[in-house]
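Next up, some structures in structure tokens.
Both complexes below contain subunit A, partnered by subunit B and then by subunit C.
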Partner chain A sequence: MKTCNILRLAALTSSLIFSAGAIAADSFKIGLILPMTGQQASTGRQEEAAARLYMAQHGDTVAGRKIELIVKDDTTVPDMTKRLAQELIVNDKVNVIAGFGITPSAMATAPLATQSKTPMVVTAAATSSITEASPYVVRTSFTLAQASVSVANWAGKNKISKVITLVSDYGPGKDAEKYFSQTFTANGGQIVESLRVPLMNPDFAPFLQKVRDAKPDALFVFVPSGSGASLMKQFIERGMDKAGIKLIATGDVTDDDQLNGMGDGALGVVTGHHYSAAHPSKMNKDFVKAFEKANNGMRPNFMAVAAYDGMHVIYEALKATKGEGDGDALVTAMKGMKFESPRGPISIDPDTRDIVQNIYMRKVEKQHGQLYNIEFDVLKDVKDPGKTK
Partner chain B sequence: MESASLSLQAHSRWKHLETVFWLFALLSPWLLAKHALIINEIVIVALFALSLDLILGYTGIVSLGHAAFFGFGAYSAALFAIHVMPDPLLGLLFGAGISLLLGALCSVLILRGSDLTRLMVTLAVALILKELSNKLSWLTGGTDGLQGVMMGPVLGKFDFDIRGITAAWYSLAVTFLLFLLIRRLVHSPFGATLTAIRDNRLRAMAIGIPVSTRIAVIYSISAAIAGAAGALLAQTSSFASPDVFAFDRSADILLILVIGGTGWLYGGIIGAIVFKLLQDVISSITPEYWTFWIGAFLIALVIVGRERFLYPWKWFAKR
Partner chain C sequence: MLTILFDGIAYGMLLFVLAVGLSVTMGLMNFINLAHGAFAMTGGYVTVLLMQRMDVPFLLCLPAAFISTAVLGVIFERTLYRHMYHRSHLDQVLFSIGLTFMSVASMTYAMSSSQQIIQLPEWLKGRTEIGEGTWVLGMGHYRIFLIVICALLAWGLQAILTHSRFGSRLRASVDDQRVAAGLGINVNGIFMITFAAGSGLAGLGGALGIEVLGLDPSFPLKYLIYFLIVVAVGGTSSITGPLFAALLLGIADVAGKYYIPQMGAFIVYTLMIVILLWRPHGLFERKGGK
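What follows is the complex of A and B.
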């Protein structure tokens, strides 16, 4: 311990003498905590792959400091997430924690970020209130409110007047239901019924039958990405598309990672989301190509792009603070950051630390024999409508 | 006469190894300060496993839903901290007490039927509670979890620190005290009647053991201890979410008892240490595929046998 202190003192004095150059000795650590096993495993795999891709493309040295990425599996259990974050902060002395697959995990960890003044970059969990849980939270994924408000606006303009909503019964689902209904009714639409299905192993059949009997113009759906495929299948099996009921949803339902497996029944489904692997920009084309090449042809989804941008935010903040890596300075540097992402132009809202991004309206179409979400409309610079403060 | 009672009591005496084990355990938060957080987690899981062993190993009642009491204790303690007062010890007592009551209520359900129906009933109770914790979001915060649990210092002196040393020490001390209590209990005449019930319920009834009462009592005690373990988790992580009722938790401790051995107080503890350390070490090496290695380990353990796994020299012993 003593020698360690002396070394630190030496480093400090030399840094005072030789300016910033001397700090280069220790690495800058990023603790990435994700669900790598269990129900949400696909989120973890996409995100880890994207983070590693970013490092491979942009080098692992920033402002003279070597970047070290530590990946941990929290098995989607919130107290595990918290313990891992705590260990990363206390033992590994990470400079930034990132990841967080589900809302409770992020919520459980947020007080820790405040306590230790460690920036916490949320790259997945999508409930609005997360950024309010700690002043050190910065989000690069999206919020459900962003996506659902956009879908509601689009629906109001496209001859859809009666809608039934169907969401998974948990935080993000309730957000989706609330913000869709608010916007849709404000635009003169009518919500016939609001259905909630259980989060784990849902059976959609009885709910869909109800929808069929009620015959609305459209069914608005939010379910987390894994459940989308089975919902779609049952929707088609019941011939609801032929009965004239449109399926509109947030992009989680037609997740790029699983879209191809859903079959042609998914064709024509309209969704609103912030990212499609088919986004027509050069940056995105390069990103998709590099991602597929590095991961056995796996298509990047909205989780991957969030982790990719999360890494970008961390890299840029480190550059802006000249490699110092102090928690407060990093968060300050992240606020208001504006850049081009594979999903399009995005920025970090300086007031809420939440992401501001374009929300695209997309329709599932076939391209080169594969299913893609093809963008046909865009709402520019959508802030999170879910902030209460 | 003297020697007979001595030999009968011999197995309930403290052995040197036990003393060494607990001394080391109680000092571990200081000795291994870097690992205080994982120690805390292991201790909580060990206590939870111990509570299941009381009914499974000692009384022969199978359960796939012991997380019901664990989670109930966790939520009770967390809500106590928010709405009543932040003192950890009182919260712990409250959590354990509430779980005791729930255990007493639920014991009615497990008195009848076969093992299979018991598996189903216990599982169902845990599932119901999990769904309740999800639905009653005004009370529990729903799926997002219970926010804003602020714990006061232990005994009014020791604040929970970010390195987790107070947490580990607190959990260890509570677990040690409860262990003493459990140890006394299973070596008492009461404990002997439990094993009698486990070995042959009909015969136990015939020699005049009040089987139903005994099962109800031990089930409630076991529930209280599981509740205490849950309370420790909620207090040391200042958080509770419906996940505390998860089936995985009930299954994990069953697995831990399989690893460590049932009907043996140190079984749950050793199992918890082995299981959690394996998980921690392997998952930090390969975050994606660690479950495969745990599975492989379990299969190897079952095929080779625990005895020969723990004491490799027994491979060569004469049968």
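What follows is the complex of A and C.
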């Protein structure tokens, strides 16, 4: 009798284990690797919130499979990103990896995506060459070349002929400098000087003084999201606007996450970027409202929208492949995907797997007592100008 | 050119206030406190919280930052640091760097890791220009304010240390603890007050620095090197040493970035190496001390 019971128990347990195994195989895992601490932490915070919002709005079951989101913090250290990606792929057997706050993190992880045939959805890092690092990379954020070239074109048409560029001294900064200068000089403009500032030092005083003494028509700036506020303050403190020097930049400088804290000095700054929380579409208004409601009034920035769209791309690819998690099939389904995002119409270029989107020219203005980037011009369907092939 | 000099002096003065506390604990108490930057960060966050959440005016925040970090300094000195005074330098370094990492983590947890922004009062925001052409001197009002405050502090500290009874007791305690105690000087009390003042100054520096250096939880690690350079170059014997070193570094850093932007961050380190090769004990060597 006793043995019989034990046998029955064993049978029961094993069947439990098997069914648990079956459920696990059914779930579709997304490994989201983000910088939740460290210098780029605001990126991680925004992106995680947006990814969770997308899942809350669209349900967690797609084509019969349960979506499981695993968020990991890489502390903005590329080695860590790579290690976490490896753990996610090997141990957790994730179907897709996503996130990647900075370019070096994405570059370090790309070879793993190739080896394991895991789609890698880049939702932040913005250097052009990332999509060339692995055929499994798909990007839903933006490239700095897209933004810089648009700003350069706009500047050429608006009586700005002499410009000094000031960028943070790392991959994306160099990209911004290169593509801005190329386009701007091709349009007949003149680059008076190209300044690069160390990534870690937020005292811009000497660099800005140099700009002030050289008196260009405008100063073109790229600094990573987060350093923009201190740059803006010092720009105003130095009286550059009164000296007749315009500030033009990629949208990282007037990041929606921090714009309100910069004060009225930011008014009138012209930037080119792919997303503003003030984008006047119904979809965006709903998105901003839902995002702020779910996150204590935090305003979504361009990183949030990239993660939101990243989730959309993954969801749609899974639907298109009828719930199969096969890496190659997913990437094929993502190629050429076209849809409406809170930022406007976007698509994934089937040749480069990079994002094609509108770049908006915006000016900082006050609306309902708050500072926003208000769009006043648009360049439609901008492909990444930075691709070598 | 004068503007560059001016900016350099302002930057140097700020470094001085941030680092002088470290120089005091290191030189006078022979204790290596790498967690010094954590106190500076605390002062900064006290200011941010008071200004953002309670609308306290900026000028009132500065003494608040000083006092709260000084109190924190006393608590830590009584409970933790005291036990480390007679340990080896390696123990002290490990202990205080551990404290730094803990402060970074807990600040990230409490305040999130984003950059903090404050709004200065209007009268500190402007800028005045004197002269023309190459000799134009442009001065941001906030930087003038920095220089005045820091110069007053430096003068006051030097006066206390050299002319007051407390100063002579402190110097006596440092030179020979046992004899000083034998003469009836309360060595423990003196060290406690000194430590508190050093931490308070760091807190004040952190508060003053938000506008120029920025403030996020990685602050103690980001600027630790600068503090150490000031102390290493300036020597630890007096107030004037670190003051001079801080000014030199401030000016060199700003001028270097202006004239040779490609070299950017390297100027300061080059200068430090050259000075230390020339005078291994810093610009002002301490004689006769222990």
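Heads up, the rule we're going with is that the second predicted complex is superposed on the first by the 364 of 389 C-alpha atoms of A that agree within 3 Å, B and C clash if a C-alpha of one lies under 4 Å from a C-alpha of the other, contacts with A are read in each partner's own complex, and residues count from 1 in each chain.
FYI, a residue touches a chain if its C-beta (ideal position, glycine included) is under 8 Å from a C-beta of that chain, and two chains touch if they have at least 3 such contacts.
None of these values were measured; they are calculated from a predicted model.
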First (subunit B), second (subunit C), both or neither touched by A:180: neither
Which of subunit B and subunit C A:169 touches, first, second, both or neither: both
Which of subunit B and subunit C A:308 touches, first, second, both or neither: neither
Partner chain(s) touched by A:45 [first = subunit B, second = subunit C, both, neither]: both
First, second, both or neither for A:37, with subunit B first and subunit C second: both
Touched partner set for A:142, first subunit B, second subunit C, both or neither: neither
Partner chain in contact with A:111 - subunit B first, subunit C second, else both or neither: first
Touching partner for A:275 - first (subunit B), second (subunit C), both, neither: neither
Touching partner for A:87 - first (subunit B), second (subunit C), both, neither: first
Set intersection of subunit A contacts, subunit C complex versus subunit B complex: 37, 41, 45, 169, 198
Residue numbers on subunit B that touch subunit A, as the complex places them: 34, 37-38, 40-41, 131, 134, 142-145, 147, 162-164, 233, 237-239, 241, 243-244, 246, 248, 283-284, 287-288, 290-291
Subunit C-touching residues of subunit A, taken from the complex the two chains share: 37-39, 41-42, 45, 169, 195-198, 200-203, 205-207, 209-210, 212, 226-227, 229-230, 233, 236-239, 257-258, 261-263
Subunit C residues touching subunit A - in the complex, by the definition given at the top: 3-4, 7, 11, 108, 112-115, 117, 119, 125, 127, 129, 138, 140, 142, 211-214, 216, 218, 222, 253-258, 261-262, 264-265
Touch list for subunit A against partner subunit B, complex: 34, 36-37, 41, 44-45, 48, 71-73, 76-79, 82-83, 86-87, 89-91, 103-104, 107-108, 111-112, 115-116, 127, 129, 133, 169-171, 174, 198-199
